[in-house]
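Handing you this structure, nothing more for now.
The first chain written gets the first letter, and so on, giving A, B and C; residue counts start at 1 in each chain.
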Amino acid sequence: MILPLKLEEVFFVAGGRVIIERISADIGAGPSTIILGANGAGKSVLMRLMHGLLAPASGRIVWSSGDTARLQAMVFQRPVLLRRSALANVTYALKLARVPHAERERLALEALESVGLAAFARRPARVLSGGEQQRLALARAWALHPEVLFLDEPTASLDPTASREIERVIQAFDAAGTKIVMATHNLGQARRLGDEVLFLHQGRLVERAPVEQFFSRPASPEAAAFIKGELPWV
Amino acid sequence: MGLIFRLVLALCLVGSVSAQPRFITVASTTSTEQSGLFKHLLPQFEKKTGIQVRVVALGTGQALDMGRRGDADVVFVHAKPLEEKFLAEGFGVKRQDVMYNDFVLIGPKADPAKVRGGKDALEAFRKIRAAQAPFVSRGDRSGTHFAELEIWKAAGIDIVKEKGPWYRDTGQGMGPALNTASGMNAYILSDRGTWLSFKNRGELAILVEGDKRLFNQYGIMLVSPQKYPSVKKELGQAFIDWIVSPEGQNAIASYKINGEQLFFPNAE
Amino acid sequence: MEGLGDAARGALLLIFSGDATLGGIVLLSLGVSLSAVLVATAIGLPLGAAIGVGRFPGRRAVVVILNALMGLPPVVVGLFVYLMLSRAGPLGSLGILFTPTAMVIAQTILILPIIAALCRQAVEDAWAEYEEQLRSLGATGLSAALTLVWEIRFSLLTAVLAGLGRASAEVGAVMIVGGNIDGVTRVMTTTIALETSKGDLPLALALGLVLILLVIALNAAAACVRDAAQRRYG
């Protein structure tokens, strides 16, 4: 079990600006966690700090024991796929995780089935539609059955139909027991998919609450403004 | 990746070493190569002995330098003073005369310096200098360049001091220098062999020939195996022996362009 | 214009005459240049990729020098290799001066910077796109660089063709280290130089056209390969 993930007084600085300011939180197993906030609030940076792509300027980010590399995966806003077949993209990820050769194809096909792409296994990944590519990215991330799945605004570049497909897949993963940590600025999506909300404003963690409570009785003025859609752009 | 590299290099080396017949490297001059003499001469030697002769054609100065570096087994050039210096420095074993040909003074048919038909090379050079007519020099430490400088000296002209824009020092081999002269309608000293096989004549023609000073002697030397143990002394000596033998000398005499003999064998 | 017309006719006559000497010269030219391209690619691609993704002190200086070396004058390279391989030089005992091997070595040195520098640029640009995703999947260092090289292999083909173009067009290096020996180290470019110096300009021009046609044919073949692959892999 690599969860819970503890963030202790995390700061992140870039270009002379403080992007993440003194965030402390425990991310535990169970409820799907939404990182919510306006554009520029620091959501993407926080996601990358948690996933390990960035190192904090000060403070600590600590997982509990376990193979922290293998047991967490991330899906980005724009999927970056290799010039290979859909199946090969997934087996590539499995190869990096040192899954034995004999099992790779089987696990990859399972992952593709779980997102409904089994029919496209041999197609070149780059000729798939935007929604299909994002589903493939999800399959690739999930093929290793990670404990934690980070998703950074996964539907921001997709049309409503494709977005719905992605949300369905995420919900299925959630139901199967994977911890979901998702960044979004889409209020409706947060409500549909989330169990709890961590609300960021200008790099600070301003509020944390179960999702229904957050939307019906926000405790902070910034959160209230955000929900009312009145948050001035940073 | 590294394995592939080593494999390819190994193949190249193996290829270059094992697939070789017996061969010698001869440093010679561009005039002998470009006259076509070697194409006529060497197949006869190779057929008789099975030894392949690889000719690297440079200017006389460069050819002798190649011998000094041990990169040739035999040197075959035409500038006796330079050859004797080479011998004196210990880089050569023995110098032998092989053949001679002559130089000819080439110039534009319009002949601004009025040298045509003369039999005196010194007089012709003096006239060219006086008329300040365009003159192309090889300037490349070749046998021909060396001969040209000797003629200026013998004519009483210090060419280094007296040259002007009319004197074009090109630093090129005989062929390229002839191209330049053809393009500029200039005078130029050339060996007869290269001139006879030169195709881009433009307005140029032979204007002065026959002066004994235009006589051009070729010599051959084995590079010293004492200085460079890698020199192929038996094979190299076989070539030298053949070239001064009656058979080799006849082969030289039988080389003709348009019925005209280019080189006159005179080995002892 | 007459000269060009004659040269064009001469080139066609040469190509279809089936002249054995010309055939030998063409084969040697291709052999030397293609060998040099092979070796330079084997060294240059990994080298360029490593510099492209690497971050180390002095990296900027390395990039500048590598780019500058693309402009190495062939005659200077030839001179350097000659002095190395001369009997009077350090590697004289190898006895490979005035052989096709020496010509391959000289051309490899000449085109290695071209292939490495162009590869570095292509990899660096691709790294900007792929870095996050590859690191997220756990690919680092050499593994990531090689994956990237394979991924952009068709762009890298341009770098390889640039090297081939330089090698087949140069005369300075092969003339000095090969000696233009009839039947042994005489290639297209040195033959053209020789015929020019003998005043046989129409023949030289005709040979030049043959050489250009050869290089065009090679480039056209590469373009077909790239288009086919583009259609397959997207």
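What we mean here is this: a contact is a pair of C-beta atoms (placed from the backbone, for glycine too) under 8 Å apart; a residue touches a chain by one contact, two chains touch by 3 or more.
The model shown is predicted, which means the values in this text are computed figures rather than measured ones.
S.K.: Answer with line, ring, star, complete or other to describe the graph linking chains that touch.
M.R.: Topology of the interface graph: linear, an open chain of contacts.
S.K.: So, comparing each chain's Cα centre against the centre of all protein Cα atoms, which one is closest?
M.R.: Chain C is the most central one.
S.K.: Taking each chain's centre as the mean of its Cα atoms, which chain lies farthest from chain C?
M.R.: A
S.K.: Just the number, please: Cα centre separation of chain B and chain C in whole Å.
M.R.: Taking the mean C-alpha position of each chain, the two centres sit 33 Å apart.
S.K.: For chain A versus chain C, what separation do you get between their C-alpha means, in angstrom?
M.R.: Distance between chain centres, rounded to whole Å: 47 Å.
S.K.: So what's the Cα centroid distance for chain A and chain B, whole Å?
M.R.: Distance between chain centres: 79 Å.
S.K.: Quick check on the complex: what are the chain C residues that touch chain B?
M.R.: Residues of chain C touching chain B: 35, 38-39, 42-43, 45-46, 86-89, 92-101, 104, 179-182, 184, 194, 196-201.
S.K.: Per the contact definition, I'd like the list of chain A residues that touch chain C in the complex.
M.R.: Going through chain A, the ones touching chain C are 48, 51, 53, 69-70, 73-74, 76, 80, 82-84, 92-93, 96-97, 124-127, 140.
S.K.: In the complex formed with chain C, which residues of chain B make contact?
M.R.: Those residues of chain B that touch chain C are 1, 4-5, 8-9, 12-13, 15-17, 25, 30, 34, 38-39, 54-57, 68-71, 172-176, 178-179, 182, 197-201, 228, 230.
S.K.: Touching chain A in the complex: which residues of chain C?
M.R.: Per the touch definition, chain C meets chain A at residues 129-130, 132-133, 135-139, 143, 147, 151, 232-234.
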